[in-house]
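You will see two complexes here that share chain A, one where it goes with chain B and one where it goes with chain C.
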Partner chain A sequence: MSRAALLVLADGRFPAGGHAHSGGAEAAVRAGRIHDAASLEAFCRGRLHTAGLVAAGLAAAAALGLDSVELDAAADARTPSPALRAAARRLGRQLLRAARATWPAPELEALAAAFPRGAHQPVVLGVTARAAGLQPLDAAHVAAYESVGGPATATVRLLGLDPFEASGVLARLAPVLDAVAEEAAAAALAARRDGPTALPAASSPLLDISAEAHASWPVRLFAS
Partner chain B sequence: MHLDHAVTYPHRHTHSAAPRRADGSRRALRIGLGGPVGSGKTATVAALCRALRAEYSMAVVTNDIYTREDAEFLLREAVLPPERIAAVETGACPHTAIRDDISANLEAVEELEDAFREQAPLDLVLVESGGDNLTATFSRGLVDAQIFVIDVAGGDDIPRKGGPGVTTADLLVVNKTDLAPYVGSDLDRMARDAAEQRAGLPVVFQSLREEDGVHTVARWVRERIAAWVAA
Partner chain C sequence: MAAAGAGLRATARIRAVADGRGGTALPLLAGEGPLALRRTRSTGAGGAGGASVTLVGAMSAPLGGDHLAVEAELGPGARLTVGSAAATLALPGRDGAPARYGTRLVLAEGAALRWLPEPLVSVRRSDLRVHTRVELAPTARLLLREEQVLGRAGEEPGLLRSRLTVSLGGRPLLDQELACGPGAPGGWDGPAGLAGHRALGQLLVVDPRFAEHPPPAGPLGDLAAVTPLAGPAVLVTALAPDALRLRAVLDAAIRDHDW
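Up next is the complex of A and B:
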């Protein structure tokens, strides 16, 4: 594997559209659930164990080479909110564009042909990791990190939170993030044997509900 | 488990920026309009739509900072049918969406192109940035040419201050010249400073309060389209 390729893919400046999404942080800030570094950390911890774990499992399975159509259906089944499904497919399309230009590979072309309207972002992430020569565990790390990195950056913009405090939150979450990625990668191996039902299916109803509400706001800074 | 590619797979660009699409057809010319908040980007886009919509099949992408205000202004003014206007959300970073990570804007442009491919393929897509600062310019991966819009009320020292928008845009528009006497802006000085900063690139002074105030910019756009089609 190339450790540098992992850095390129995980870099927040990788041009795949993530900067316009808050991962639910904008709705949580409005509701008062995120108001300082401690509440941001609690939010991120919850998201990491739910949406983060699910995304990491899908990404690891895709990086392992499992069937992307089945994985995309599994992602749909794990994403009850229509707003979040739409956001995931849009981000998947945006990531696929960046990935095809960055790591040209037949499997990325095949994915684009199979999903003209976009596949779920974690599935695209896994196939991208594979094309970049990365391992399933690497893909899981990127997905898990994105699940908390997005809200942390968004909160800096939304609350004017001290950016050093936000990076401190991410650093404190690192050990649990490693554990989530390991769990996701193990689940991906199980899914190769038992099918996508073996992948994590943790849910966070409040994230789903607030995503639906957020999508209807007339004035907002982030797309989701 | 991963594949190591023994043979290098052909490199492509952004899968959109190439002037011809996969089927060989020439895609629409993409022109970006950037500039500070309140300088008259949306008003210029509206005026261009009115001036050019009878000649060309055109569409607009707006990058509102936190609302759909600009898109809704264009809809309310009915400068184009609603299906020809798309809004992109920028996550509080308008310059990121037009320069560092153009993926959402490319999506919006391509969706508009796809929607009209059958009936009347687009000739022109205007991409309006969210109001930003003097350093915000468009990526060459997103637009083929860019217009930077400033106004006389923002201070007549802006051309002298320069910055990437003022110095490198393909066209610099100094808007609201009708306000110059009221805000004490020296148009001659702005013209001299702009000429000095721009090394021969064109500058247009306009007031959209005048009858057909956008005609010079509209002519520039027509010339760009003619050159694009002929290339």
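Up next is the complex of A and C:
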């Protein structure tokens, strides 16, 4: 594996459009559920174990080379909110554009041909990791990190939270993040044997509910 | 019913078939152990020609270590409504082993099932794993309600893991797992979890007509939302302070949409 490729893929400056999404933090801030570093940490912890784990499982499975059409259907089934499905496909499309330019590979071309309207972002992330010579566990790490990095950065902007405090939240979550990535990579191996139902399906009712409310706001800072 | 190891094993089975005269017959209606089945008078809720069954919990179950299962199979064109007489209580066992409750629903072409059990209450120190698997033929119709209540009034909940896996025509339609209570992964009760709410529920409606005319997505008050899935189905997800207010939201959704 190339450790440098992992840094390029996980870098917030990688032009894949993630900065426009708050991972549900904008709705949680508006509802008063995120109001300081402690509540941001609780939010990120919950998101990491639900949306983060699911994304990490899909990314690891795609990096392992499992069928992307089947994985995309598994992602749909794990994403009841149409607002979140649309966001995941938009992000997938943007990531694929950046990935094809960065790590040209037949697998990425095939993915673009199979999903003209965009595949779920974690599936694209996994295929991208594979094209970059990374392992399934690396892809799981990136997906898990994105699931909390997005809300943390967004909360700095939304709440004027001290960026040092936001970084502290992410640092405190690091051991859990490692564990989630490892669980996801193990599930990807199980999925190779038993099919995508072996992938995690952890859900958060409140994230789904508030995603729909957020999508109906006339004015918002973040796309999701 | 077999008393294997610490807990009991029991499976209740229902088979419903169209009787060829516009009605539905129940060639198999077999309870076991704490799971008793009663054929009940059709209320009309399942539509004309539908059969109706009530699941009667004859004992408090599941206890830790128990493995309970309910299986319902609907043949082509069969119509069935299943309810339960009372809430299901997840109770702690003696040795701390988790209890399991599995439900498997299989619907053939043109079959219609209304699966409307009473809530599942996760009692303090219980540990229950629920898995509901639904396999639908492409033209089957389903209305399925799940309600989970965390603890009896004012009580701490136990650990509850509940997965709902639904396929339509062999393709995945919905796959979700909820974990909550002491021992669940961190953040379950936080701002990206239940945020202190003690009742949550879902209503899954699958209808081939939604392929053309899906109900619109959107919030349903502050704590519920209607979400059309990637197939001909819609999911209503709701949180509430308690079971009564949860039921009111889900009932209103059924009524307003005429599901």
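Brief remarks follow.
We adopt the following convention: the second predicted complex is superposed on the first by the 224 of 224 C-alpha atoms of A that agree within 3 Å, B and C clash if a C-alpha of one lies under 4 Å from a C-alpha of the other, contacts with A are read in each partner's own complex, and residues count from 1 in each chain.
Everything below uses one rule, namely that contacts are C-beta pairs under 8 Å (C-beta built on N, C-alpha and C of every residue); 3 or more make two chains touch, one makes a residue touch a chain.
What you are looking at is a predicted structure, and each value in this text was computed from that prediction instead of being measured.
The superposition on chain A brings chain B alongside chain C with room for both.
Of the two partner chains, neither chain B nor chain C is touched by A:Thr155.
When the two structures are aligned on the shared chain, A:Ala201 is found in touch with chain C, with no touch to chain B. Shared-chain residue A:Arg85: touches chain C; no touch with chain B. In the superposed pair of complexes, A:Arg45 makes contact with chain C only, with no contact to chain B.
Residue contacts after overlaying the shared chain place A:Thr128 against neither chain B nor chain C. With both structures placed on the common chain, the touch criterion links A:Ser68 to neither chain B nor chain C. Once you line the two complexes up on chain A, you'll see the smallest CA to CA distance from chain B to chain C is 19 Å.
Shared contact residues of chain A with chain B and chain C: none.
Within the complex formed with chain A, the chain C residues making contact are 163, 165-166, 171-179, 185-188, 190-195, 200, 202, 217-219, 222-230, 235, 237-239. Residues of chain A touching chain B in their complex: 1, 13, 15-22, 63-65, 90, 93-95, 97-98, 100-101, 104-107, 129-131, 133-136, 154, 157-158, 218-223.
By the touch criterion stated above, chain B contacts chain A in their complex at residues 1-5, 8-16, 65-68, 88-93, 96-97, 100-104, 106-107. Note for the complex: chain A touches chain C at residues 24, 28, 31, 33-34, 39, 42-50, 73-74, 76-83, 85, 176, 196-197, 200-209, 211-213, 215-216.
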